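Two complexes follow with chain A in common, the first pairing it with chain B and the second with chain C.
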Partner chain A sequence: MSKSSASTNGATLWAKTPKANAELFSLTYGSLVTEVVRDADGNVNEINEQLEKIGYSIGIRSVDEFLAKSNAAHCRSLQDTAQVLGKTAFKMFLGIDCDVQILSPTTFSLIMQENPLYLFVELPENYKETLQYAILYCGIIRGALEMLNYKVECTLVKNILKGDDVDEIKVELKQILQDGAGDDYKED
Partner chain B sequence: MTVHSFLIFDRRGKTLFSKRYFQVPGEEEETEAQRSDQQKLIYGMLLSLKELCGTMSPNDDDDDDDDGGGGENNNSNNSNGGSKGDVQLIKTGAATLYNFETVSGLRFVLYTTAETSVGRTASATSVTSPSVLSPTAGAAGTTTTGATGTTTTTGTPILTAATSGMMGATTTTTTTTTLPTGTGGSTNTPLASPPSSNPNLNSGHPWSVVPNTTTIMTHPQITAQIRMSLRHIYEHLWVNLVVRSPLYRPPSTTSSSSTTTTTTTTTTQSLDFLKATNFEVSLDNYLKGMPWFR
Partner chain C sequence: MAAVSLAIVGKSNQPLYLREFVPEVGAFPDESVLFGLSQSLPPLPPPSTFRNGIFQCSLKQEFLLHAALDRFEELSGPPPGYGWRNRPGADGMFMGLLGVVDELRIYGYCTTTKIKFFLIVDDEALSKQQQKNADEDIKNLLKSLHQLYVEDLLNPFKSLDDLTVLSKRFEAQLMNYIAAFNQSEGMI
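Entry: the complex of A and B
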């Protein structure tokens, strides 16, 4: 899918989807993070891991919704997938315009100028460097791509809350999974 | 045309949903084991067919290859909802199995019998492409909704403008193989040219069937309609009612138990939780509203 068609598709879909209150979204996530932080007792790695897992659950469900709503063409390569993900999917679900940078045949980056999650958010000093607030997106991407047979690893490279000017998520393809029969089928 | 059953498979082969709509009179109730075996077989067949056709088709073209009962695997454009090389329908003399597969690997399967056979006469039915029949092209049209492709029929191109104009394209599922001899049902002459793409869309080749065939014909409009309905079931019913349900647990892609799933008994879970959603009711209502559903 070409770049422009992916973004126009995204724009039309964004116009069509029913919108939720951005503040509600951001504050809900904020309180969720607060809970996780409280539970984790200072272990930042665990916080990040939990948030990523939450994102993963969201991702595996979002992919069906995305495929159903958008008429995205079958992606022939990871580059196509990156474009559709960044331009159409992010636009449709979050209204964000993402820039997609292809770093290598198996890696790409999504760059976001602004992030609806960050509304009203300020990280305290002790968590400023370590807590990856937007790691939720990493989980979402990982979950969604896994349902499409791409096993990826997502990392937050740049973080607005830390002081960078953009958010950057680096997505690296680890493995292409095979569509196969699961355990249930292989039983007998 | 009667709908026998409706099934939904996930990527791993698990049957997420199955429903029998029609009981053959006199046939006894299947046991649980029999039914689950049957479902596994259906899934296996779809999976193997897809892989097979994937290896056989070159990148953009789609070589049609039917064998036995006729498998139709077509170059559908995206408005039909499928990708190229998807298994769209599998047809035997007695029944047809329609398949709609999503990119995420969900397969929606509809099993029906007694296709309405459309064909003006047994003697001269032709499959035509709109681009060739100029005067009737507009009328013959695009069997509406991004019609699925047609299988190849061989023989000399006979344009019967009348039939095509009225009926739209009809296809026959002849069993064509790459060898000029052989195949059942119809007398075929060697393939005039490979069916490279959906003849309804852009090819200049009119296809025709040698007269006096006794093959049952699949009206591509019906196929397209049914697949569109399957797609609608996916897009609106499944996504809205099931995926969004808090109890939904998508299939895990790793066979090892991951830390996210608390129980490993998700096999029975999905079928049960479906009863808590409105899915079955909506599905029934939707299907009953379909003109081809009986």
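Entry: the complex of A and C
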């Protein structure tokens, strides 16, 4: 799957999807985050974990929608998956153009110049360095790829809210899972 | 004509933001003592005027503010005071010149949610036409400041109990607007 066909595919899909108001989207996520912050009582790790879990449950559901709507070809390698994820999927759901950087046969990075989640957001001083606002995306990627039998670890490497110029999500392949029947259905 | 200071006052007349743009020339020498502050004001406009829960500003600015608030209450009382309110948008919110003290003129802008913006400018006498244009420019400046305030309010991390404006982004953009205003007005 060539790079350009992934992005053209993404652009056509973005044109076809129904749109939502960006302000509504950002404000909804913002109030979700403040609610989680209030519940967590200062424990930033717990906040990040909660947001990642929310992303995970979004990811496991939206991967089916993505595969149904896009006619992305079979990915023969992780590189292909990276291109489809960054160019087609992110474009289709969020309208963001992502840059994909392959770091190694098992790692790649998604680089975003701007992030629709960040509209109006300014992190307070006590959370500025530690709260990973866009960790939702990490959860989504982890969930989506797990449904496709890739067990990955996603980390937010660079963060616009912290002062960097771009957002960078690093995705590392840990394990390729086996399909199989669960314990209840195993034949002896 | 240059903008000297800005004040944002909330619904119950509590100060939300106070900032001077020009260090007071010939200010009261005992100013810092009067306020009980041990540090003296730096020669450049201070980066943040909100320290220890109080806004730092000169007494003169405070006097002007109180006078403007009084005049504002006169204007918003029973008719014919309400006459200026009937136009839609920024036209209806702009209260115009509230008062003149020495060479300083104070302009007011009151939003529908009773958030009041006061802008103090220093001014030379202008012809009627020039004054009209200047008023128009001040109205537009106040309209953009209203927009900035709204953007800060939309930050999900902003507490709703304490509406004081503490955002760095607000301050940075405010200084840009004021610099642009001072430059354009300086031509007159």
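Keep this in mind: the second predicted complex is superposed on the first by the 185 of 188 C-alpha atoms of A that agree within 3 Å, B and C clash if a C-alpha of one lies under 4 Å from a C-alpha of the other, contacts with A are read in each partner's own complex, and residues count from 1 in each chain.
The working rule: contacts are C-beta pairs under 8 Å (C-beta built on N, C-alpha and C of every residue); 3 or more make two chains touch, one makes a residue touch a chain.
Nothing here was measured: the structure is a model prediction, and the numbers come from that model.
K.L.:
After lining up the shared chain so the two structures overlap, which partner does A:D80 touch, if you call chain B first and chain C second: first, second, both or neither?
P.N.:
Neither partner.
K.L.:
In the overlay, answer first, second, both or neither for which of chain B and chain C A:S31 touches.
P.N.:
second
K.L.:
Applying the touch criterion given at the start, work out whether A:S57 contacts chain B, chain C, both or neither, answering first, second, both or neither.
P.N.:
A:S57 sits against chain B, while chain C stays out of touch.
K.L.:
Between chain C and chain B, which one touches more residues of chain A when both complexes sit on the common chain A?
P.N.:
Comparing chain B with chain C, the partner touching more chain A residues is B.
K.L.:
Kindly classify A:L123 by the partners it touches after superposition: chain B alone (first), chain C alone (second), both, or neither?
P.N.:
It touches chain C, and chain B stays clear.
K.L.:
Please identify the positions on chain A that touch both chain B and chain C, taking each partner from its own complex.
P.N.:
Common interface on chain A, chain B vs chain C: nothing in common.
K.L.:
Hey, which residues of chain C end up touching chain A in the complex?
P.N.:
151-152, 154-157, 167-169
K.L.:
Using the touch definition up top, name the residues of chain A that touch chain B in the complex.
P.N.:
Chain A reaches chain B through residues 53, 56-57, 60-61, 63-65, 67-69, 71-74, 146-149, 151, 177, 179-185.
K.L.:
Residue numbers of chain B touching chain A in their complex, please.
P.N.:
Residues of chain B touching chain A: 11-14, 40, 43-44, 47, 78-79, 83-84, 102-106, 234-236, 238-239, 243-244, 248, 250-251, 253, 255, 259-260, 267.
K.L.:
Taking the touch rule as given, give the residues of chain A at its contact with chain C in the complex, in rising order.
P.N.:
Going through chain A, the ones touching chain C are 23, 27, 29-31, 33-34, 37, 120-124, 127.
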